[in-house]
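The structures considered in this document are given below.
Below are two complexes that have subunit A in common, paired first with subunit B and then with subunit C.
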Partner chain A sequence: MGAAPASRDVISYGMGLAAPLALFFLLFFVAPLLQLFWLSLHNDTAGLHWGLGQYLHFLTDPFSLSVLGSTLLLGAEVTAVCLVLGFPIAWLYQRVGPKLQTIIILIVLLPLLTSVVVRTFAWIVILGRQGIINATLQSLGIIDTPIKLLYTQFGVVIALAQVQMPLMTLPLITALGRIDPNLDDASCSLGAGSWRTFFKIVLPLSLPGVIAGCTLTYAAAITAFITQSLVGGGQMLFMPMYLYQQASTLQNWPFAAAISIIFLLAVLAVVSVFTTLGRMSRGYGGV
Partner chain B sequence: MILNRRSLMTTALTLGAMKAFPGLSFAQARPLVFATFTGSWEEAHKAVLVPAFRKANADAAMVLDPMLSVDQIAKVNAAKANPPIDVMLHDPGPALVAIGQDLVEPYPVEKSAYYKDLIGEAQEPMGPAPFFQVVGLTYNPEAVKTPPTSWADLWKPEFKGRVGITNLNSTLGTGWLVEIAKMRGGSEANVDPAFKALEELKPNLAAVAANPGALATLFQQGQIDISPGNFNAIQILKARGVPVEFVAPKEGAIAFKTTIHIVKNSPNRELAFKLIEAALTPEVQTALMNPPYLIVPTNSKVTMGGEIARVLAKDTAELKKKFVFQDWKKINEQRSAWIDRFNREIKI
Partner chain C sequence: MSGRKSTLEAFSFELVMTVIAIIALILIIAPSLVVLIVSFTSGFSLRFPPPGYSLRWYAELWNAWQLHFAAKNSLIVALWATGLSVVLGVAAALAISRSRALSARLLDSLFMSPLVLPALAFGLAALMLFSLVGLPVSPLTLVFGHTVVCVPYVVRNTVAALAQLEPTLLESSAVLGASRLYTFRRIVLPLIRPGVIAGAFIAFMSSFDNVPVSLFLRDAATDMLPIRMWQDLEGKLDVTIAALSGVLIIATVALVAVMERITGLSRRLTS
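Moving on, here comes the complex of A and B:
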């Protein structure tokens, strides 16, 4: 019973220490967010007439909704690619020697150490008409004329998947590291094959990492303005570019504010699905 | 918790006082801030305009704070009473927005020694144009053997899948659309013909870039062979060894006035005026016209030379004949509707 007062102490110290950051967030995040919300409740660009016109405009306009839909879909695609490609790397990391581990960590972290702009330009070089992929395919005689990779949905997904990959791999590495390797052996010795062991043991136990990785990757992918616009081009409209267009080029701040709020809510909805899944997976993962 | 009533009151009072007496919150001697554009503009201004200004004004302190027009407007708008910028540089569309939002002061024309020497189109009482930007056709001479001569050449079947354009976010994109409308019988008030023309251009379109800068990359990567392009941007690519050439189409090259403005309520009004004066002098404009900058001058006393004389105009008279100026007041009225339409209709 003596533990209860001690743990209460710990909590109160935590709150006190968190106060500066809380204040910082209040001033520079919550307050601007409220201001944004306030602005979005105006029907005219000067911000004089109150109303829900901006929201109605967005929610009744099939085009705007399609932009939102394609952005959310893009996030899902990127997350899926990252998960499928990132999981084996994380799995491998737990099963190699310390030397190889360092190399893997370095490779995973390397993209984070170069600027997004540089990484994105590299993808333009790779995906371009005379880029590495087209040049290789042409020299192998597989294609006659270059295929269009740049400025396509496919190109955006691939580029974003590489750019955001560390956000998926790192939580996975941590989660897989927490799994007791003996469980694998136990499963095998009890007669389960490697696939069965993976699906029944490894995957469920790594779920917290999967969900954390998916949340991070998803949020980063749908808001990645630079990669989306450089690899996707001017005719592929996603929410960040739509927002930028309304706010910067057209100076239509109330509509831009409404777009932001709707986008924020949509993302929050998706993220809360992830966290709910995460909570449900706690029974498995023991985190 | 540190946040008791007293500290809260102090903070509130301080914030209130700063709001009521904006002078309090800023040191009086802020250096002159000139928001030029990013990239080659910044380089040119750092190398030529700033030294010229310093020399003429006893080494007055000044800083370049490069940013896009729209960001300049947003920043000044956010602090109208105490703007963080003294001198703004604008493309024609944003210039009208800034003037419309009452963010700039009229230029003291009567005090200016150089204003009267400017070409007529550059004499803007709310802020003169020290430079022109010119948009024409850009092409890769290795892939396009006969140089194009007209905007209409973009529609030629031989350029199937080789044409690049930008969307309407940029001045270049919007200006180009208006020019296409004019070519097909439209005007600044009616761009329907241009949208029809874009529909016909679709088979030729290889890329719709998000901004003019991205077009340059597409040339470098061989993604496109021909596009509308900014004269200065092309010169930079050329200097880097990319095979690109610029031609003024026979319909006339689109000329944008890049105007320079004194920000309303600027604490450095006098120095701001001096900086703009420096930008209008024949010396600075000549230096900026020479390589590597190749910025088109607006002072009629500047003798055109080099690449500008070769591909654009030998003198002011020819410049007036070959350049097309557009009515951005009219364009701004409908620009948002056009952008909306472009978003919806142009999918390739």
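Moving on, here comes the complex of A and C:
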């Protein structure tokens, strides 16, 4: 592999360069996950009796299933909001001059690089009873008493959408930047309107970016422990907090392990759907 | 630009897209501004707008030694995790980026998987394994755990940069008699440096901000800043946290500005 004839293969490097990271992942990523799986196959907390009891418990327990369902739904809602809001940002980015481009990118990057606790904290301030939304609505006389925004599904979705927006927008900007601007002009000069050009040319060509963005946003949204727990509050339980409670507070490691495995499989299923879509879309994107 | 058939139709499209984009940009930036303003409050609550302005909570922050301790730990772990990520990640990216072999594609998926797999599950798994082999939680276990979740950023950005390399450049270099190493140093490295720097920077920030792995792999002796802040917020809505948030926001803006100046970060992340 590494000793490919230099005359032909001058652009690839030996696979040996990947060995250190592969070994590191084997030790500190694959091994822990295998151990997690092994522990999930035990019926007692001491890990002595083999069995599928933990999985049966989860899959027959309506409460556990509802936690899983609401987590997956939350991810879908956040991803949809991010796509609808993120795409126009990426579009605008391609339309403005270099100075504005830099400003847009910095605005998009800022939340990505700001601590997630800080971003979530901001939403507590905004959505709270004395927060900016309630204060504005009250001073305008639209409402008398503060409405509940914090600890609601709406609050969690909006906060998560803001927190994860960069993960959607950056791949979109990259994807749109790769589209030949002449195609846009060609489409328009051949008589297609702006909307039609957008849906028939720009959107299909940017599909790889859309799918990359959706995958990252979805995966990040459903595992966003901090935002879910602080904005969602005690009444709303999602998989990460459920897992954490079982592992840390209740010390029920085998059940926590089973929750983790089920969560992992659920995420993998969603990601592989996105990946399959991505592979299909490459027919479009491969200009 | 060529002439458009229907200017009204084009106008409606541009208007809708621009308005949504501006709303989205405001939505992105507003929370940070709100926190900045609230952090200067003179009151005891997080009321917005604040009843008055003062620096009292920043002064309070000066004495918050627990936060100082956690911040120092987070910084040290982030620096080590970033260093390790760059060394391991760039080498791996070189190996897998241009290879069409099945092994390369499998490795690529493996290295990227921490980005999409629930990090909390990995955090729990790492804790279980470390306790099984008798390795106590320490800064070292934190660095290993963080590297796993940070290295994908380095790999992805480096692979992306390598993918955009013009193969003919490398071929010309080889044809002109340059050795592989020379071509790497003089052609490849300068061209992929943007990707590597971008990846390293994001890796650092995501390690400094990591919650799911730190949640399981830290203890009182290795308290990490985001966890400390989260626990403070769970207990009570402390205005000191607003001041700390203010410091972190300003530090982030400053850091991004410096990176932008030195490396043109914004171009490099979207190239």
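Everything below uses one rule, namely that the second predicted complex is superposed on the first by the 272 of 287 C-alpha atoms of A that agree within 3 Å, B and C clash if a C-alpha of one lies under 4 Å from a C-alpha of the other, contacts with A are read in each partner's own complex, and residues count from 1 in each chain.
Methods note: a residue touches a chain if its C-beta (ideal position, glycine included) is under 8 Å from a C-beta of that chain, and two chains touch if they have at least 3 such contacts.
Computed from a predicted structure; not experimentally measured.
Under the clash rule set out above, the superposition-derived model of subunit A with subunit B and subunit C contains a clash between the two partners.
Once the two complexes are overlaid on the shared chain, A:Gly86 sits against subunit C while remaining clear of subunit B.
Of the two partner chains, neither subunit B nor subunit C is touched by A:Pro204. Once the two complexes are overlaid on the shared chain, A:Gln130 sits against subunit B and subunit C alike. Of the two partner chains placed around the shared chain by superposition, subunit B is the only one that A:Asn252 touches, whereas subunit C remains out of contact. When both complexes are overlaid on chain A, the residue A:Gly53 reaches neither subunit B nor subunit C. When the two structures are aligned on the shared chain, A:Gln235 is found in touch with subunit B, with no touch to subunit C. Of the two partner chains, both subunit B and subunit C are touched by A:Gly16.
Counting the residues of subunit A that each partner touches, subunit B and subunit C differ, and the larger count belongs to C.
With the shared chain A as the reference for superposition, subunit C clashes with subunit B in the stretch 62-70, and the other listed options (62-70, 188-196 or 332-340) are free of clashes.
Residues common to the contacts of subunit A with subunit B and with subunit C across the two structures: 16, 121, 124-125, 128, 130-131, 229-230, 244, 248. Here subunit B touches subunit A in the complex through residues 1-3, 68, 70-71, 73-74, 97, 166-169, 173, 206-211, 214, 217-218, 221-223, 335-336, 339, 343-344, 346-348, going by the rule given at the top.
Taken together, the subunit A residues at the contact with subunit C in this complex read 1, 6-7, 10-18, 20-22, 24-25, 28-33, 35-36, 39, 84-86, 88-89, 91-93, 101-102, 104-119, 121-126, 128, 130-132, 135, 161-162, 165-166, 170, 173-174, 177, 185, 188-189, 191, 193-195, 198, 215-216, 219, 222-223, 225-226, 229-230, 239-240, 243-244, 247-248, 253, 256-257, 260-261, 263-264, 267-268, 271. In the complex of the two chains, the subunit C residues touching subunit A come out as 1-6, 9-10, 12-14, 16-18, 20-25, 27-32, 34-35, 38, 45-49, 87-89, 91-92, 94-99, 101, 103-104, 107, 110-111, 113-122, 124-126, 128-129, 132, 144-145, 147-148, 151, 155, 160, 165, 167, 170-171, 173-174, 180, 183, 202, 205, 208-209, 211-212, 215-216, 225-226, 229-230, 233-234, 237, 241-242, 245, 248-249, 252-253, 255-256, 260, 265-267, 269-271.
Those residues of subunit A lying in contact with subunit B across their complex are 16, 19, 23, 63, 121, 124-125, 128-131, 148, 150-151, 229-230, 232-235, 237, 241-242, 244-245, 248-252.
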